[in-house]
């Protein structure tokens, strides 16, 4: 289960890193709720998730940057009804057009995943809460 | 076994990151030995481990910081008597009250784990050696 | 499969970090091709891989540094003929003789692995492509 879950996060986060907003949103349930400490309002449902991911992705591209998410330290608890609580730590790195790389963010991630027969990579995120703990210094 | 072990480290390191000194010490055997290159003397047994973790955790909190450990690159070798040798790499990140994040430490970790019927998350650490290879620059 | 593969990368990358050029090259097939964006020409076969790893390793040691590779976010696709396509993200950290640590590189890694009865740790790399996305700032 740990291994399957690790594979799920690799697939999901890489969609985001590659700017595939629809592919990323498709890893959430239709009615998913996504809360991140840097936004006042949660995003709800795949249409909002797609729009949010596309806007974020466009901003990164416009800055000439690329992001790479490293999600790890998965702590998994089985819940009733084929659901799982997953706590994870995510490091986000940014690379720029001049060949620089830097730590962008350190985040805590708390998810409720559901097992769905039709899900790509076995799971879908039903509820996500991201706590952005800090941003790396931007080199001048 | 790799997956179970990865789950064990996620559980154990998160206890430390959350300041749960007793919960962290409970992931070691009663007679565990913990050596770290930054301390002259090893710590022995859960009482010393709890005290050591609490002191470290208090110092981090007093500085207005939080730590996040990312342990990975687990290389596992089965030993006799239900024991395992695990070599791992740990990155430690620090975040501060003003929203900054930085690389704090890069460490090698060499553990002997024992499989115990009564262990939370299946394993306990019997022997740990941490080699702190370097500290990240502290931004001014 | 995810777990076995994670163990394979831990073993392989640690050989490199320890300067064991032959041990590292032995995790590739005899006729492996290795492309990295920082070199014009691919390396082919174990002899070239060993020589390349030794030269890189000697340069790191001459600078008084050590490297630690953290490979994660493994996305695995089964291919015919006992082969697997693996996409991964690798963070490379450098530590120096004065006790400093820093982000060295952020890389994308795309591998074709083959399952071989005689392989150490179950797999061998047949084809590797490394895209170095960026380098961390070098502290003065």
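By written order: A, B and C. Residues from 1 in each chain.
Keep this in mind: a contact is a pair of C-beta atoms (placed from the backbone, for glycine too) under 8 Å apart; a residue touches a chain by one contact, two chains touch by 3 or more.
Only a predicted model underlies this, so the values are computations on that prediction, with no experimental measurement involved.
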item: Equivalent-chain rotation between subunit B and subunit A, CA atoms, steps of 5 degrees; value: 120
item: Copies subunit B and subunit C touch via same or different residues, half shared test; value: different
item: Approximate Å spacing (C-alpha centroids) for the pair subunit B, subunit C; value: 26
item: Residues within subunit A bordering two or more other chains; value: 2-3, 6, 70, 72, 91, 103
item: Residues of subunit B defined as touching subunit C within the complex; value: 1-3, 6, 70, 72-76, 87-89, 91, 103, 105-106, 108, 133-137
item: Interfacial residue positions of subunit B with respect to subunit A in the complex; value: 2-4, 6-7, 9-11, 13-14, 66, 68-72, 91, 93, 95-96, 99-103, 139
